[in-house]
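Across the two complexes that follow, chain A remains constant while its partner is chain B and subsequently chain C.
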Partner chain A sequence: MLLKELCMLPGLTGYEAPVRDFIRSRLDEVGIACRVDRLGNIIAENPGPADRKLMLTADMDEVSMIVTGIESSGWLKFGITGHLDPSVLDSCDVLIENSVSGVIGVKPIHALKREERGKPVPADALLIDIGARSREEAEARVQIGAKVTFAPRFRQLGCLVSGKAVDARVGCSVLLDLLLKKPPIGFTAVFSVIGRLDGKGLKVGVNQVQPDAVVQIKAAECADLDTVKPERQAAVLGDGPCFFMKDGGTVYDIALARRARRAAESEGIRTQLYRYCKTENYDIHYAMLAKPGADWLVMGVPCRYTESPVAALSLEDYRESVRLAEMLTRFLTKEEA
Partner chain B sequence: MQLIKDFLTEACAAPSPQGREFLIKPVLDRYFGRYCSDYACTGNESMIYSMPGVSGGARIMLDAHIDEIALMVSEVTEKGFLRVVPVGAVNPCCLVAKPVRVYGREVLNGIISQAPAFARGKGDSVEFEELLVDLGLPPEEVREKVPVGSPVLHDRQPFLLTEDMITGRGLDDRAGIAAMLECARLLAENRPESSVYFSCSTREEGPGAGALSSVNQIRPDLAIVIDVSGGYMPGKSGPQQVHLGKGPEVPFGNRINQKLFERLKQLSAETEVPIQTVAAAGRTGDDTEVIMDANEGVPCALISIPLCYMHTPVEVVSVRDISQCGALAAALIKSLDGPGWEELLCC
Partner chain C sequence: MIFNSELMEKLACAYGPSGNERHVAELIMAELEGVVDELYTDDAGNVIAHRKGEGRKLMFSAHMDTIALLVTFIDEKGFLRVTNVGGISPTALISQRMLFENGREGILVLDKRGEKKDIDCAEMYIDTGLPAEEARRWFAVGDLCVAKGSYYETDEYVICPAADNRTGCYALIEAAKARVPSVFDVYYVFSVLEEINALGARCAGKLLAPDICVAVDTTVSNDSYEGFEISVKLGSGVGISAKDAGLVSHYSVYGMLCAAAEKAGIRTQPYACKLGATDAGGVSKTGRGVAAGAISIPTRYIHTPGECFCKSDLLDTVRLIEAVEQYAGS
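Moving on, here comes the complex of A and B:
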């Protein structure tokens, strides 16, 4: 499992090179043929027989920020690429251009009026502190446009692993693990770019591969906490990988997902249905335009605290997800279009 | 300044939540032990390192608080998460998506956060009741390993942002402890006549009982309190802003002995240690409050270290400010050598 290495690398939307290079090296090491297209997607071939053109895909990029201004005081202004809940930015550690550490600090409680306590600061009022106390001092170390991620960290807690980009890279990690096993069925693997915004990389990947069936592997955001009613929890960590039923713009083939779940069950693989839809997610909605009529299955590894420095998943769910991905290659080649 | 950096690198990685400050004692022993020959512990577990002076010299207590802001487990939920309450003033906004360590029967890694946006109710305010600590363990194991009342601290290692700026959990008030250490180092090379007691006081974020127990034990003639104060950051308004890197803050006002304050100003000019003087109209909100009116009353001087983002995991201070604070305290103590120090304290 190369999840930790993948998560510790910076892979911002549009700047996925460090992650791409890492994945390419791993594929080269075991002799898996791959190329990089004009947008930066990796397109790799797992050799083997297949009755249908099968594509498995995962995004490489993570939610990130970019420095948009340097104040005269030495603090930095920033913008966000992708979607995240700004409440995770309060008092967090960031890393700029993979080398300059910064903190996003806020006014202390003593300086707040009573009614201001508990109210998250809006993202456009937050600033990054790199320890500079003048514009000159800041400009000597950071430029406008500098790329910012959460500070890389990977921890184990109980049966979970947690860290920056765990949710963003789990799809890549599962797909890479699958390729390294050299499963018997032939398929094309696309590690795509710009997943965090609207899936332009995925659409271009589908344009080129023109698959009959696609499996996208990503994280499935869970809210399985005591503070959330069961009907709003979406998925439960530990209950196995999820099948999504829809995204923000389109409904998937639910009957196909149910058949896939039954096939998984017959092989002793636990799965669940994802019972909520995140409305910002439109990547399949656009990618479906590239090959109308293709079968789509979207599977997610259950993940808590997505798009935060502490995204967490269960190693047991991870292992089930790799088994499920392999099973789906066999399942989909038998399915009729 | 290397001493300060080395000390903070260890101290900001060690735990000292209110009520369990003794957990950090090995670090304090190792550093203060280099310069102080004596040690005593009070009933409220304040740790006092001291260097004896000559007879007739003043008894001077330095005070910095060793307890840090923490959370405390109030409940284990059905699913095996933890609910927490703050120990000290904490804005729950700084507790979203943060790595923590839980000090139960064993030390466990955890994550504190709230439900994701799609599952939250209306409104965006963060509340303690909605925050949960995730240990990644089944509920039975959590109940066995984490008793109610266990402290929870941020899991964050300190590090330097620049050569001078350091960030770390608990710089409030390890910055003050570091300044006392620097003072001890200077005095060890240049021994004063006064007996000097460095009190690492407990429970400042609570009732201040640690500092009071130290005063009762030491019976000092005067006290020099070293705490942190809110440093300037963009968006912070109001008069008398203090800036990191421009020297320690030296307040004056009803809490502070006027003559000690004037002496500090004079020493600042003489030793070229820059200070930022601030008029403190009301309370100063630190151990001065409990020391000043203990027993027959104790004249206090207060030197504060400007600090950004107080009571959050990402506190930032300037190492040079700490060094200058320690130097100023040492200069004040040395200036009380010889006869006549008693007159300084008369009104």
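Moving on, here comes the complex of A and C:
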């Protein structure tokens, strides 16, 4: 399992090169042919027979921030790519251009106003502190446009692993692990870029591959704490990989997901249906239009604390997800178009 | 032209949420059997009826799907928790009967424990009249349900569920059956997933690559107390959209629709509004671009179990489709 190595690398939206290079090296080592398209997607071929053109795909990019300004006080202003809850950022450790350490904090002035106490911090009140005492001192170390990720860290917590980009890279990791096993059915693997901006890389990947069936592998955000009502938990860690039913842009083929679940059950693989959707995420909607009528299955590994420096998943769910991905290659070749 | 109440009732009461339109598709395929030159469903689930002709490709599009609720959880009391599919109005559906594919029903209820002014799906649940173990036998996470309503008509009006957009389906079916001589190569597309960003029509648009697309859908009106700002009322003719929330109609298509209506003596109501979108907006963006426009049946109480339209407006819509097929814009 290469999840740790993948998570420790910086791979921002549009700047996925370190992750891409790592994946390509691993594929080269086992002789799997791959190419990189104009946007930076890796398109790799798993050799083998297949009655239908199958594509398995996962995004490579993570929560991405970029330095947008340097204040006279030496604090850095920053912007966020994609959807992210700003309240997660307060007090986070960050790493700028993979070398300069910083902390995200709130400028004290805002914290003092009575009406603002207890309210979530607005994104523009958050700043990065690199310990510079002036703009000049900051400029000597960081430029506007510098790329920022959470500080890399990966730990085992009981049955979980937790760290930066665990949710962002789990899809890549599952897909890479599957490819390294050299499964028997032939399919195209697309490690896609710019996932956080409504799947732009994926759409371009689908344009080129023109598959009959697609499986996208990602994280499934779960809120399975005791304090959350069961109907709002969306998924339960430990109950196996999830099939999504919809996103903000479309309803998926639930009947197909149910058939896939039954096939998984017959092989002793546990799965669940994902019971929530973020209405602002349009995810695969655009990619679906690139090949009308293709079968789509979107599977997610249950993850807690997504889009935070401590995203966590269960290793058992991870292993089930790799098994499920392999099973789906066999399942989808048999499904009628 | 006589209003076909039997067809309208069958269409209005058919179960067909976004994501599971096949029952409506089967109904429409049966209606058009032997009527058109080619009749099939594409990979996305759209029903495509083709009346072969020599001229440019003209695609009419009416969606089969309705907004719906999706079951996300079955709790310890056997109540079903739901999320929305498409733009549902929670307040319009509270206390309505919900119909499932297996024929079972439930009542959508407001969970008063979370009572607040703006209701969202998390504050609602469906009571199916079954205890928990029974509920788990007959329902499952992933089931879709639609609001149940019954068909009612007076001499001039109809009150029924799903006028959005089974009236559009009616119009395409009746126009297809009329088989007027046409200057176009005509495709009648009965689309899926319109309520979800016109996904079905966009797929059909990509496959068929039409020269022109005219969506046939419903539009809100200003003659009730709903408070919509639009220059359309029931009983005054077919709406012709200059602009809606999803599309500025292509000038040549808008012109063609108006000219065809004038030539055939059909009453129309041109309008431009900020509300509502149709398949046309989605199709216009496919491939190399498609010249698109929309005609609309004025309808009150859209997205509720009791939508109301005027029969003469729907018949005028059928006539306008036929006029366009015959005359284009000349």
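Keep this in mind: the second predicted complex is superposed on the first by the 325 of 337 C-alpha atoms of A that agree within 3 Å, B and C clash if a C-alpha of one lies under 4 Å from a C-alpha of the other, contacts with A are read in each partner's own complex, and residues count from 1 in each chain.
Throughout what follows, a residue touches a chain if its C-beta (ideal position, glycine included) is under 8 Å from a C-beta of that chain, and two chains touch if they have at least 3 such contacts.
These numbers were taken from a predicted model, which means no experiment stands behind them.
Once the complexes are laid over each other on chain A, chain B and chain C both fit without any clash. More chain A residues lie in contact with B than with the other chain of the pair chain B and chain C. When the two complexes are overlaid on their common chain A, residue A:G249 makes contact with chain C while staying clear of chain B.
Once chain A of one complex is fitted onto chain A of the other, the partner contacts of A:R232 extend to both chain B and chain C.
When the two complexes are overlaid on their common chain A, residue A:R258 makes contact with chain C while staying clear of chain B.
Rounded to the nearest 10, the superposed model shows the Cα centres of chain B and chain C diverging by 130 degrees about the centre of chain A. Legend: residue contacts after superposition of the two complexes on their common chain; A:S25 is shown touching neither chain B nor chain C.
In the superposed model, A:G293 lies in contact with chain C only, and not with chain B. Contact with chain B, but none with chain C, is seen for A:R155 once the two complexes are overlaid on the shared chain.
In the overlay built on the shared chain, the residue A:R275 is in contact with chain C alone; chain B does not reach it.
When the two complexes are overlaid on their common chain A, residue A:S266 makes contact with neither chain B nor chain C.
For the pair chain B and chain C, the minimum alpha-carbon spacing after aligning on chain A is 9 Å. Once the two complexes are overlaid on chain A, the chain A residues touched by chain B in the first and by chain C in the second are 232, 276. On the side of chain A, the complex with chain B involves touching residues 71, 73, 75, 85, 87-88, 90-93, 101-112, 117-121, 125, 127, 129-133, 153, 155-160, 162, 221, 223-228, 232-234, 276, 278, 304-306, 308-310, 312, 314. Chain B makes touch with chain A in their complex at residues 77-79, 81, 89-94, 96-99, 108-111, 113-119, 124-127, 129-130, 132, 134-137, 141, 155-156, 159-162, 164-165, 167, 230, 233-236, 243-245, 285, 308-314, 316.
The touching residues of chain A, when paired with chain C in their complex, are 230-232, 245-246, 249-255, 257-258, 273, 275-277, 285, 288-289, 292-294, 337. Across the complex, chain C meets chain A through its residues 18-20, 42-44, 70, 72-73, 75, 81, 83, 85, 122, 141-142, 144, 193, 196-197, 199, 202-204, 206-207, 286.
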